[in-house]
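Once you scroll down, you'll see the structures, which are given as structure tokens.
Both complexes below contain chain A, partnered by chain B and then by chain C.
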Partner chain A sequence: MKQYDAVIIGAGHNGLVAAGYLQRSGLKVLVLERNDHIGGATTSISRYEDFTYSNCSYVCSLFRQEIARSLELYKYGLQVIPYAGGAQIIKNDDGSYDAMGTYWHDDANRRDLERFSKRDTNAYDRLNRDIIRQCKFIKPLLMRTPADPTSFKPRDLMELLYLGKRFYGLGKEQMHETMRFYTMSVADYLNEYLENDALKSYLAGGATVGTALGVYSPGTAYILLHHAMGDLDGNVGAWGFARGGMGAISKALNDSFLAAGGHVRLNAGVSNFTVEHGKVKGMQLENGETVKADLVVSGMDVRRTFNAIDANELPQWVVDRAKNFRFRGSSGKVNIALDGLPSFYGIPKDSPCMTGDLHISQSMDELELAYDDWKAGRWSQDPYLDMLIPSLVDPTMTPQGKHWMSVFIQYCPYKLAEGDWNEDRKNAFGNHIIDRISQFSPDFKEKVLHMEIRTPKDIEDETGLTEGNIFQGELTMDQLMFNRPIPGYAQYRTPISGLYMCGSSTHPGGGVMGAPGANAAREVLLDLGKRMVP
Partner chain B sequence: MTSIITNNERPLSERPILETPFYPSYKHLIQNDNYEEWAGYTTLASFADVGQEYFSVRNTCGVYDLCPMIKYDICGIDAERYMNRLITRNVKKLLPKRVTYTVWCDDKGHIIEDGTVFRLSATEFRLCCADRQIDWLMDCAIGYDLVITEVTDAIVGLAVQGPVSCKILKKTGFDGVEKLKIFQLESFSLNGYEVMVSRTGFTGDLGYELWTNAINAADLWETLFKAGKPHGIRMIGSEALDMLRIEAGLIMVDVEFMSCFHTVKYDRNRTPFELGLDWVVDMNKGHFIGRRALVEARQKGLKNKLVGIDIDWNKRADGALIYNSENCERQIGEVTSALWSPILKQNIALAYLDAPYFEGNNDMWVEVYMHRECKWEREVYKCRVTEKPFYNPDRKKLTPPLDL
Partner chain C sequence: MTRRFQNIIIGAGHNGLACAAYLSRAGQSVLVLEASDVIGGAARNRDLAPGVTVSPGAHLLHAMPADLMRELNLSEHDLSLAATDLNTVSLAVNGEAITFDGDTVTGSAVSDADKAAYVRFNKDMHRFTKALGPALEKLAPEIAIETWKQRLDLMGLGWSIRKLGRYHMREFLRIIGMNFYDLLDEYFENPQMKAAIAMDALWGGEWGARSMGSVLTYLYRMAGYARNGDVGIAQPKGGMGAVSAAIAKAAKAAGTDIRTGARVKQILVENDHAVGVELETGERIEADRVISNADPKQTFMKLVSPDHLDTGFVRQIKNLRARGKAGKLHLVLSSAPKFKGVDTVNLGSRMIIAPTMDEIELAFNPSKYKKYPTAPVLEIIMPSVNDESIASDGRHLLSAVVQYLPYDDTPDEEANRTAFLETVLDQLERYAPDIRKQIIEAELLTPRDIEREFGMTGGHWHHVELVFETFLFNRPIPALSRHTSPITDLYLCGAGCHPGGNVMGIAGRNAAQLILKGGK
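Now for the complex of A and B:
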């Protein structure tokens, strides 16, 4: 059997990024994928006639441009198209509807916002400035290996010095502000700036994405950054659609990897790693086959990675940490094929807002109640919905005149109080979302042709993400930087020699960013004494 | 108690850029496709020839549409006390019907904006500025008994500037306008509506600004231009205005400084001292926002400062870097605004210079990149610190103005 220099577990976007870099740096690399398709949670698979969905992740902003450039993804068809627009639909006390739109033009935005709160139009500018300041602080850290503050290795000391310099560079007031920002709830943070509840709910909802915390839970303010720190072609905070769906990203990564001479094997799930004397020797596949390898990079999340190792080979505290890493599936997804463009109350026909993210949450209190439902083991009665219609921008995903809508849902529990997920409950969840959207759209229901319903359980079953957590573990302060995923092993290494991690469980975390994959590849090559190419 | 009055309800999906109430009146004069967006309104960078527009203000009368200027009315028994906390100048010394130029800062002494304060009466002020900041104005008003109203869209404005401006205004129907001293304002009745006239401007020349309710815009414009036609009145765009304000040594937000509300890089914040605006900071009036920090800043001294420079040769030095030697060894400053002054026949610029160069005792060189017939060329010219304002004619302050 062919011998490979490195085996990557999982053809998710991070696995493929790591594979791409390692292959181009002169290693012979094999990627093993459990499913019959690549992509992990970055897929575009047709589930209904000529409709293509972005089945899991659905918008792109965080993906590191340096990776796209290094791996020449444009050559393999990747186009990320920025989208504009978006609206927050508002239900007035008298039962009528209105919408607060987002426009590409600052003054159009301001005029629309002024209808609801004149004060907030200016306060929103100051909020954005402060968030951009936080982003500028954190952004260079994304593509750097986090330093261990307890280590005295020169590279850790240098990295700590770099971090310290940046922190002190913030200035006195901003240092205080940063500590507050990292520990506050998003609701408290927004309340300091804004007065309009609809605007606050629009922003706050995003800070609970993928996290089993409520808008009033401390630590959620930080998650705002994950929406703001992305950029497209230098436009900070801009989001875009990958043309053809998110699967275009994994497809381009895969094609780039194959073109560099790499190999991918589908239907090759790993059941456990073979470890001898603290060194990885290979792995056993679910079909019983054995693959030998001295260098393995796992794109699986931290719990699945360590579960695949004989506990005898691991320190007990590592076993405990992997067990205790917080996943807590809390997000659902419904992809809907539509027989035409639905209309929404409050949004004029042909409004440019339709091409952006649509929201129907009315207040932060409503979002907190949505979280209460999750705690009680129910899907939220009035969940936070992030709705987008990519087919308005992307002509390749649906037949002409038809559309598809991506609906992200916060919260949906991994375990239901009433019992295990089954077909009936899953359909009830999907229908509940359709009903909820229909409260704001008179013709939505009649346009629904097909639904792909994804509960956290479905996401786990398909992609392997534990409990369906979209970030491979929550992005809270206690699980970030040198604590992600495990202190002492935050630099993409594990207690097993030759075994590395490259999934979103590692720094800097989830979102279709690619940074964990690239950082892991760099660390692997460092240990091999090789230079990363390109 | 503080309250805010909001009155502009607007529909969703509206055109992002609006026309000012004067726009239909002067639309027929537009000969260029040279527009400039200003605070959500379309304004003209030039109507026709920039040179002609510029010289209309130095020779006859040029008119500039001021509608997009942000205006806040601040009224109430605490208005004076509030204004004195907000801005750096002492409004106790500002009599009713007077106008003053000022800046206002945050607690760190960093400039939020510059603008003008119109004292309409003992308890009524109007703040004119370039940027909306109602949240700041309201936050600062906690505990004060006053009402803040944004009147940006309700009140329209025209700047009528140049040596013949007074005469034209008299002929328009503003009897007694010649008695207005610089920075004084008065209300007049014109064709049955009220027009407030202030002897203010952004050109460093004799000039006035007319303010009235938006519904009177068309009539005011027609009446003014009918009266001014025999006297060479013409509309001017922002390019001519920019030339005029540079000659007058006047600073511009987002050119000479950035509001500390918008800076992401902390070192871009500016104190009034760095802009050479010591004269608008009254340290003796009691507490105001930023005072503590400004006291400290004054003790520390300046690292760099905005000054006027005069450059040898005749090409505008836009965006040029300034060096301590002819072979450009060490950068000591940078140009923010530059102009070949048609009236001074001088190549002038506003520039930040490091200490001690802003004292003006050293020779300096500007490095200018010029695009000449599709080829970039680099030139280095000697420059020196010079007095501001670069151009300061007696007629700016003369009362009554000469009857030309």
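Now for the complex of A and C:
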């Protein structure tokens, strides 16, 4: 059997990033993937005729530019098309509809906002300035290994010093603002700036994506960063579609990795790791085969990774921490094939807003009520929906004249109070979403050709994300930075020598960033005494 | 010509009185001005019915430091405790009550694993409380690192956490930002037990158990137990008003003047210095400095003219969260009530109605939308069981904190209160089936009523919500975290300051000590 220097578990985007860096840095790398396709939750899949869906993650922004450049992803075919706007559909008290558009062009943006609130138009600039300020503080930390605050090692002390310096560099007032920003609820935060419900709910909804928290929960404000932290080719805050769907990112990563000489094996799920004297020796595959390796980097989430190790090989507290790491499935998704472009109340059909994210939540109370439903174990009656029609800007994904729509749903529980998910309940959920959209789109129902309904359970079954948590674990304060995934093992290492983690369970977390993969590769190479290339 | 005082303290709450006592004992002249006719602020007494004394604000004493009580000789000033170390009993509809007595949990539904876990849990929490505790007694450290003193203060806080040892420091840094719901899930199985413990993080606050930072508020409460001289949860003889009365006596004995019925209209400011106050009657009283025991919002949005403040500062004060969610229920009962599963010995305990953490969330949910819960969670005590002076003629007083009421400023306030009183009684009836027949007098205070009676903005017990962004050097905002304010000679000494709410007196003492040291 062929020997590899390193084996990566899982061909998700983080696994492929880590693989790419390690291969380019001179190791012989093998990637093992459980499914018959690469990508994990970053995939493009055909589920109906000639339609291609980005069936899990669906938009791109947070992916680190430095990784895309290092691994030459643009050379391997990655194209990201920014979307030109978005809209919040508003149902007026008299039953009429309107839409507040957001546009890439600032003047257009202001003009539309001014129709609703002159005051907010100015406040919105202030809000964005303050959020960008927070971004500047946090962004450099994404590609750094978090310091262990209990350690007296020079490296950790230096890193803590760096962090402290940056923090104190903010100045007294901004330090306070930063602390507030990271601990308050998005509703409170927005209320301090804005008055218009439509604008507030447009922004607030995004701060609950993927988390089991509501807009009134403390600790949600900072998630607003996700809307401003990304960039596309240097356009700060821009979001876009990967041409060909999110799978294009995985494909470019994969092609780059293969071109550097790496190998990928599909249908090769790992059932458990072989550990001897605290050192990893290899793994057993689900088909019974064994693969030998002294260096393993797991892209699986922390619970799955540790579940694949004999508990006797691990300290009890690590087993407990992995067990208690919180994955909360809270998001659902419906991918819909459409027989033509549906119309939405309040939005002209040729409006650039249609190419972006469409929202229908009317108020923050409505968003919070959606969360109350989740807490009670039901899908939200009036969920936050993030609707996008990527085929408007990327015609490669559907047949001519047809469209596909990606609907992200917050909240949908992993476990229902009434019992386990089954076909009936799943269909009821899907139909509920279609009905909800139809309230804002008169011709929607008649255009639906096919829909793929994805509950957290489905997401777990297909991608291996525990409980279908899209970030491989909640992004709450107790699970961030040096606490992610386990205090003491937040530097991509594990108690098992030679076993590393590179999934979104590690710092800085999920969101198709690629940073965990790159950081893990750097740590692996550090231990091998090698420099990361490039 | 009235006498000129060195200090005017606005508000005769327990912190204002403690501040007065410490200042007077150091030889300063102090005038305390209290808007209402009784002293005590939220730790006061009043008659609910002839011969029945109620503590309408706080009803238990559990956070006042033993050394503060000793320093002010409160026992010599007639403060005694009618009961100490109250047990906590979590009531159950089926009578399977769970009793918490120190480290021991008893109850037919509690597993041995949970009993053992409770010992472990207490040990862990005590450890973390000890790390946090010292910072909650001294002045808040400053976040600045300009001087060596500031650096040492911060390093001291860091060191007290590092001293926990590597494993426990990591654990501390993990759980401190966590929500209590998840933490309790890690320790325990029994849902009723979890709910009873969870409520101790939530009384008086705005949020539910799933809200981030609820572990912090739990540790904050535990820190109170740790410093109160082993009296645990105690019931002062004669009601909570007796605590304030004792502090007032201590202050008076040292020379403090206290005027009740003297509502301050504004704080007089000249050249950015506080020079005195003007009363609603138009009377102006001058002093070297003014110390406000009122909450920060009242102090800076009502008592000080905004002309004297920066807009940024005013905005910070305006944005402080003071949304009280706790109400109070008072019932005069014709005889001792019978709660399912509670014997007469335990009737004097603290009884909790909170069946599961999910039901706590269900009670919390409506309050987010300014609605009332259908099954409220309650902390019930029967003060008259431990203290006969509370109610005469064999009658009994039931006093309960009713958690998660909205601040009701709708026109339907009256009707809502009446309707909600029935909801609360329905809830009580599930646990004490005969209680309705025993009721002679009933009173329900909503957060808005509490604001009316005690003056705290939003009816919030802690003046300002106790959460990360308003904790330690950020309480209530960095500029006010060490009792001084942007206006020279205007100080704060209330619960809105570090360390925060509960009948504690530390904020008053710290303010006094700071002033005696020269105000820096």
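Heads up, the rule we're going with is that the second predicted complex is superposed on the first by the 534 of 534 C-alpha atoms of A that agree within 3 Å, B and C clash if a C-alpha of one lies under 4 Å from a C-alpha of the other, contacts with A are read in each partner's own complex, and residues count from 1 in each chain.
Just so we're on the same page, a residue touches a chain if its C-beta (ideal position, glycine included) is under 8 Å from a C-beta of that chain, and two chains touch if they have at least 3 such contacts.
Bear in mind that the values here come from a model prediction, so they are computed numbers and not experimental data.
Trainee: Touch check for A:T121: first (chain B), second (chain C), both, or neither?
Mentor: first
Trainee: Is A:M175 contacted by the first partner chain B, the second partner chain C, both or neither?
Mentor: second
Trainee: In the superposed arrangement, does A:Y103 touch chain B (first), chain C (second), both or neither?
Mentor: After superposing on A, A:Y103 lies in contact with chain B but is clear of chain C.
Trainee: Report for A:D365: first if it touches chain B alone, second if chain C alone, otherwise both or neither.
Mentor: The second partner, chain C, only.
Trainee: With the two structures laid over each other on chain A, which partner does A:R111 touch: chain B (first), chain C (second), both, or neither?
Mentor: First partner only, chain B.
Trainee: Let me test your reading of the model: by the given contact rule, A:Y48 touches which partner, first (chain B), second (chain C), both or neither?
Mentor: neither
Trainee: Which partner chains sit in contact with A:Y345 here, chain B, chain C, both or neither? Use first/second/both/neither.
Mentor: After superposing on A, A:Y345 lies clear of both chain B and chain C.
Trainee: Pick one for A:P218: touches chain B only (first), chain C only (second), both, or neither.
Mentor: It touches chain C, and chain B stays clear.
Trainee: When the two structures are overlaid on chain A, which partner does A:G488 contact: first (chain B), second (chain C), both, or neither?
Mentor: Second partner only.
Trainee: Which residues of chain A are in contact with chain B in one complex and with chain C in the other?
Mentor: 173
Trainee: Would you mind writing out the residues of chain B in touch with chain A in their complex?
Mentor: Touch residues, chain B against chain A: 4, 6, 8-10, 12-17, 37, 39-40, 108, 132-136, 138, 150, 261-264, 266.
Trainee: Spell out the part of chain A that touches chain C in their complex, as residue ranges.
Mentor: Against chain C, chain A makes touches at 149-150, 168, 172-173, 175-176, 179-180, 182-184, 188, 192, 213, 216-219, 317, 320, 324, 326, 365, 368-369, 372, 375-376, 476-478, 482-483, 487-488.
Trainee: Show me the residue ranges of chain A that touch chain B in the complex, using the header's touch definition.
Mentor: It is residues 98-99, 101, 103-108, 110-112, 114-115, 118-123, 125-126, 129, 132-133, 136, 170-171, 173-174, 346-348, 351-353 of chain A that touch chain B.
Trainee: Could you list, by residue number, the parts of chain C that touch chain A in their complex?
Mentor: Of all residues in chain C, those touching chain A are 143-145, 162, 166-167, 169-171, 173-179, 182, 186, 207, 210-213, 312, 315, 319, 321, 358, 361-362, 365, 368-369, 467-469, 474, 477-478.
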